[in-house]
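Two complexes follow with chain A in common, the first pairing it with chain B and the second with chain C.
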Partner chain A sequence: MLVTWKYRLRDTFIQRLDPRTRLIFLFSIIFALTIPEIWDLRIILPIFAISLTLYFMARIEWKDVKRGWAFILVFVIFIVGINGVLSGRGGPSSVTNIESPILFYVPVLDWFGWMVPITVSKLWFALNQIIRMLTMAILAIPIPYTMDPNIYGTAFKRMGASDNVSFTMDLAFRFLPTFARDFTITVDAQRARGYEMESLKGGLVERIRRLSPLIIPVVMQSTVTGEEVIDAMDLRAFGTSKRTWIKTLTYAPRDYFMLGLGAAIFISCCVLKWGFGIGGFFVPDFFTNLFV
Partner chain B sequence: MSDFPLVVENLSFKYRTRPELAVENVSFELRQGELLLIAGSSGCGKTTLARCINGLIPRSYRGERKGKVLLQGRDVAEMEIAEMSQVVGTLLQDPERQIVASNVFNEIAFGPENLGLPREEIASRVEQVMKRLNIEYLHERETFNLSGGEKQKVALAGMLAMSPSILLLDEPLASLDPASAHEALAVFRSLADEGKTVILVEHRVEDAISITPDRLLYMEDGRIKYLGPIKNLPNEIDYTQVKLPAPWVVQRVKALDNAPVVSPRPEERERSEPLVVFEDVDFRYDEEYPFILQNVNLKIYPGDLIAVLGPNGAGKSTLVKHAIGLLKPTKGRVLVEGRDTRTMSVAQIARVLGYVFQSPTHMLYAPTVHEELEFGPKNLGFEPELISKSIVESLATVNMKEFEEYPPLALSFGQQKRTTIAAVLAMRSKILVMDEPTAGQDFANYTRFMEALCGTYDGGSSLLSANFDATLFITHDIDLAVTYANRVLLFGDKHVVADGAPEDVLKDVDFLTKYRVRPTSLLQLNLDLLPKTGRFLPAESLAGFA
Partner chain C sequence: MNDKSTWEFGTRQVVYGAIGAALYGVFSWATNIFPLPAAGNVTFRPAVAVLIFFASAYGPWVGLLAGFIGNTLGDALSGWGFYWHWSLGNGLMGLVAGLVMASIKDFRARGDIMKAVGYGVAGIAVGMLFASLTEMFMGGIDLNTALFGYFTPAFLGNTVVTVILLPVLMIAFAAVASRRGR
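Entry: the complex of A and B
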C-alpha cells in the first residue's frame, strides 16, 4: 500500500488542540532554530525535550508509525549525520573554519589523494545537526496520524490562505487514496501480463523506459480524473464567489498556552542569539577532551 | 415560454477538435416533473447534449454551438455558473470522480459552501437532503470507503443540496450492481414525482423503463431518431441497439417475421484434470482486517465458460486475483495446473491464466496497439515469429486489424477494451479471465463483442473455445450468464454459494435475490420456456418457442 499512515480519533491533549495551533507551533520551533541559526545544544536540548514530550502525548501506536520513523531515522542519521561528519557543510561556517584536532582521515577519492579530515568539531556538528533535525521531525511526524484530514482546508483558510489554496489541501487528501488504488491496480494489471519489476535491468534511461507501463496508465488515470473533478467542481459553482467554510475553528485556553509557548521559544532564541550572542556553534571543552 | 423548465431549440454543436457535428438540430422541451429517458449507443451525442444542458458547453468545452438551450426561459450561455448550478444539478457517470471531499458531510455541503450561503442554512440543507435520501447513517463516513451505491447517493445528495429544479443524470447506473441500480432508479422516480424535472441519460433501457419514464428520446448520429412515449418503443427502435425487455424483443422478432436463429449447443467436453483448484481457501489482507474469502472450494475444468455473479464487495475480484497469483491464500491453497501458486511467480502463472482488468486505462500505455500487444508475449519470452503471429491473430479476433498502428489511448472506450482482450489473447494463455467485460460499453457494442467471443459456429466451437481451454468472467449482468455461460458461480458471504449449469443455479429466483442478484426479463422468459427449450437462449432465439 502506498498510503501507510492512518488518521484515528484519539482522546488526547494533542488532538484536542486547534489544528492551526499545531501548525503554528511547528513553524515557531522550525523558525526558532533556523532563523536565528541556533546551533547550541544547551538551547536545542530543552526544545528537543518539549518536542519529545508532545510526541508521547500524541499517543500514536508504534506499529502505525514505525515506517515513518524508519524513514526519518535513515534520513537524519545517515544522510544528514554522515554528510555533517564528512563535509561539515550545511551549517555555520565555523564548523569547518575553526581550529580543531583532526581525529582521522577518510579516503574519499584515494587515487586523487583527496583525504577528508574528520575533526572533533565536525563530529560535534553532526551530533548537533541530528538532534536539531529530530527536534523538528518529531513534532511533524504525529500530524498525519493525529490531524483530521478534513480539517486541513479550513485550517489553512483560517490562517489566511485563499479558497483555492485551502481547497487544494482538501482535494489532495481526498484523492491520495484514489491515486494509490489506481497505482496498485496498474501494478497488478501489468504483472498479470508478465511484467516483473525485479527484472528492471540496464542503464538509467532504460530503467525509466521499462517503468512506462506503470507510469503512463497512472498519469492517464490522474489526468482523466482531474478533468472530471474540474467539471464536477464547476457544476457545483466552485470559485464563483466568496465561499463559506462550514467547519469553524475556535481557540481554547490550551491553544493560547501552546501558541504562547511557541512564541516564547521563538522570541527567546532570537533574543539569546542576537541580543546576547548565545546560541552559535562552538565545541564544548568536555567533548574535545573525550578525544584528546 | 417559462411554462417549460427546459427548452432546447434547434441545437447543434461541433467540437473544435472534430470535423463532424456531435449534436445536430435537436429540439425538445420538458415539463415540470417530467422524467425523460435519453438513450442511444455510445457516440450518438447524448453526453454532448447533456453538456449543452448543464452549461459545460460552451464554458468548458469549446466549439461551435448553434440554437438555444433555455433554462426557465433564459439561455444557458448567458447565465452565471452559480445561477445555473441552482437550476440544473448534474450527476456524472462515475461518482468516484465527482466526490471532491473526504467526508460525507463536507461533500454534501460543498455546493452550498461555494454559493457562500450562511452556515446554518448549509447545515440545515445537508440535514434535509440526507434525510430525504435516507443516508443519515453515512454522516461522518469517509467518502473513499463507501460502496458504489452509497457513493452515488452521496453525490446525488451533494447535487440536491443546491436545490436544482432540473436533474441531469448521466449514465448513473454504469458503476452500480443491479440491486443498487434499481434502488437508485426508484430514488430518481420519486424525485420526479416530487416535481423535479429529471433527465436520465442511460443505455440500459430495460432497467430504466422499470421506473416508467414519461418519454424516451432516442439518438443516433447526433440526431433525434425517436421522441415519444415508451409504449411505442419496440416498433421504433432496433432491439440490437439498446437493451429492451426480452418479451418485447420476442414480439418484435415475430412481427418482423425474422427467422429466429438458434445457435448450436456448445460442444460438451469430458471432464478431465482440473486446470485450477481452490482448496479451502481463506484470505484476509492483515490480521486486523476481516476475512474476504472463507472456505472457498472450486475447480475450473477445460471447456468451462464460467460467469461469476454476486454483489459488489462479495470478494469476486479477490477470488480471481488468487487464481492469477496476485494474492496468495491466508489459509488453504490454490493450484494452477497442479502447482501451488505460492511457489510460482505471477509471470509464470500468466502463461496459464490471462487476466483482463475492468478498466482499460489501468493497462494501456504503449504508443501503438502493436506495441501494446507485444508487451505480454515479450515479457513471457516468446520467440519473435510467434509474437508477430500472435499479434496478427489476436487483432483479427477482436476485429481491430486496421488499428494496429493507432495509439491505444486515442481509441474509443470499446476499442480500448477490445485492445486489452487482444493483449491477453496474444499471450496465448490457456484460461481467459475477464473482470466485467462489458463495463463501459453500450449494449450494441458489448453484444457484438460477446457474440464474437462466445458465439458458437457450426461445429459448436466458439472463438473462446478455439483459443482457450476455459474462460471465466465476473459480471453484474445476469443476462450475460444466461446467454453465454455454460457454468455459473454465485458468490456471496465470502464463498461460493452456488455452482452449476446456468439452468440449475439461476432457477431459484428467491435465492438469487438473497444475494442481490436481480432476475431479469430474459431470465424469467427463459425459465418459463425452459420445458420447451431445454436450455437458456438469447431473447431473439426464444422467439421460436414463445
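Entry: the complex of A and C
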C-alpha cells in the first residue's frame, strides 16, 4: 500500500497554464452556469465542448482516471439523472409546470397506487442536468492529475489567501507522505500482532471500534510531531513578519487567453439570460416529436 | 493543555491545521481503499472522527483548515477532482466542532467528552447541510434529493463514526498530553 500523487509531469498546454488560471477558469464556468441559472442545451453544449476539449488536452491516461470517472458517472447518472427523470424537480419550475406528453408511468409505491408520470419535459430536463453537471466535473477531474501538489500553497497565496492559510496548505501537502508512511508502518505492525484488517468481524459499532489500533497510534504520534514543528517554526520567528515564497507564479499570454475566455463565457451567459431572456428551460420541438 | 483563546490563529493553529488536513486526507484515502460495508449509500469515514478530534483539541481555525484542505487532499489522492463546496462543507464541520475547545478542561472527563461529541454532531449537521444544499445550485437537484439523497446518508455515517471513535481519541490524547506536559 503506497500513497502516491495522481500528478505526473506531462508536457501539455494544460500543465503549462498557471494554477491560478485553472482554478479561476473552473469557477468562471461554475458561476456562468449556476448564477444566471442556464438550462438551455444550446448554451450548455458549447461550454461542454470547451470543457471536453480541455480535458482531452490534459492527456490523462484512461487507466489513471477510470476510478474517478466511475464515481462521477454513478453520481451523475444514477443519483441526479434518475431523480431528474422521476421528479423533474431541482431546476426551473417550468419542468413540471409546462404541458408535456406523458410517455409512461413508473409505479413508485405500488401498494398506495402512486404512479409517477414520466414526461418528455422531465426526460429533456434530466439530459440537461447530466450534461450541465458533467461540464463542471470534466474541469474538476483533471486537477489532481495535472496540478503539481507543491504549488497549491503558492497558488492560494497569490489568489489572496493569508500567509497562515497558504502555509497551512503547503505544510499539509508536505506532511502527507510522512503520515501515509506512518499509517503503513502501523498497519504492518498491527498485522504482525495478528490484526486482521481484511476481515473486521462483529457488528457495525464493533467494526468501527476495531479501527482504533490503526488510527490512534498515527494520530497521537502526529500530535507529538506537531509540537516539535511548532518549536522549530517559532525559533525561526514564523509569523512575526510578512513571508516571502520560494516559488513564484507569473501569468503568460496563454493564461490571459484562458482568463479572457472564462470571463467571456460568464458575461455572455449573464447577458443572454438577463438581457435577452435566452437560457431558460424549454423543450425543443424536435425532442417532443421523437416521442409523439 | 491548550491556549484557550478560541480564535487565535498563530503557529500552533497553522501546524495542527496542516497535520489535521494531512491525516484527514490519508484516512479518507485509506477508507476508499478499505471501505467499511454499509447500507444503501451511507458510507462510514473514520477520518471524520480525526477531524472532529483536531477541531475539539485545537480550535475552530484548525477544524476549518483541516476540513477544507483535508477533503481537497483526500479527493486529490483518490483522483476524484476538486469540489470546493464539499471541501468547504467539511471545513464548516470542523469549524463548528472546534467551538467546543475553550470549554474542554479534561479530555478524560465524561462531561467534556459528551460536549465534544455534541459539538461534533452539530458540526457534521451544519457542514453536510451546507454541502448538500449547495449541490442544489451546482447540480440543480431538488430539496428532497439534497436532504435524503445527500445530507441524511452523510450525516448518519459521519455521526456514527464520531460517536464511536471521538471518545477513544480524546482519552488517548489526554494520556499523551499528560506525559508530554503541555
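Convention: the second predicted complex is superposed on the first by the 215 of 292 C-alpha atoms of A that agree within 3 Å, B and C clash if a C-alpha of one lies under 4 Å from a C-alpha of the other, contacts with A are read in each partner's own complex, and residues count from 1 in each chain.
Please note the rule applied: a residue touches a chain if its C-beta (ideal position, glycine included) is under 8 Å from a C-beta of that chain, and two chains touch if they have at least 3 such contacts.
Here the structure is a predicted model, which is why all the values come from computation and not from measurement.
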After superposition on the shared chain, which partner residues are touched by A:Asp234: those of chain B (first), chain C (second), both, or neither? both
Counting only touches as set out at the top, which of chain B and chain C does A:Thr34 meet: first, second, both, neither? second
Give one of first, second, both or neither to describe whether A:Arg191 is in contact with chain B, with chain C, with both, or with none. first
Looking at the overlay, what does A:Ser222 touch: chain B (first), chain C (second), both, or neither? second
Taking the superposition on A as described, I'd like to know which of chain B and chain C A:Ile208 touches: first, second, both or neither. second
Contact-wise, after the overlay, does A:Gly68 reach chain B, chain C, both or neither (first, second, both, neither)? second
Partner chain in contact with A:Asn150 - chain B first, chain C second, else both or neither: first
On chain A, which partner's contacts cover more residues, chain B's or chain C's? C
Could you look at A:Lys242 and tell me whether it touches chain B, chain C, both or neither (first, second, both, neither)? first
Contact residues of chain A, present in both the chain B and the chain C interface: 149, 170-171, 173-174, 178, 212, 215-216, 220, 224-225, 229-230, 233-234, 238-239
Going by the contact rule set out above, which residues of chain C touch chain A in the complex? 9-19, 21-23, 25-27, 29-30, 33-34, 36, 38, 41, 44, 46, 49-50, 53, 57, 65, 69-70, 72-73, 75-84, 136-145, 149, 160-161, 164-165, 168-169, 172-173, 176-177, 180, 182
In the complex, the residues of chain A that touch chain B are 149-150, 170-171, 173-174, 177-178, 182, 185-186, 188-196, 212-213, 215-217, 220-221, 224-225, 228-248
Residue ranges of chain B in contact with chain A within the complex: 54-56, 59-60, 80-82, 85-86, 89-90, 92, 94, 96-103, 105-106, 109-119, 122-123, 143-144, 158-159, 162, 321, 324, 326, 345-347, 350-351, 353-355, 357, 359, 361-366, 375-376, 379-380, 409, 423-424, 427
Partner chain C, residues of chain A touching it in the complex: 1, 3, 5-6, 26-27, 30, 34, 39, 64-65, 67-68, 71-72, 76, 79-80, 83-84, 87, 89-91, 129, 132-133, 136-137, 140-145, 149, 152, 164-165, 167-176, 178-180, 183, 197-198, 200, 204-205, 207-209, 211-212, 215-216, 218-220, 222-227, 229-230, 233-234, 238-239
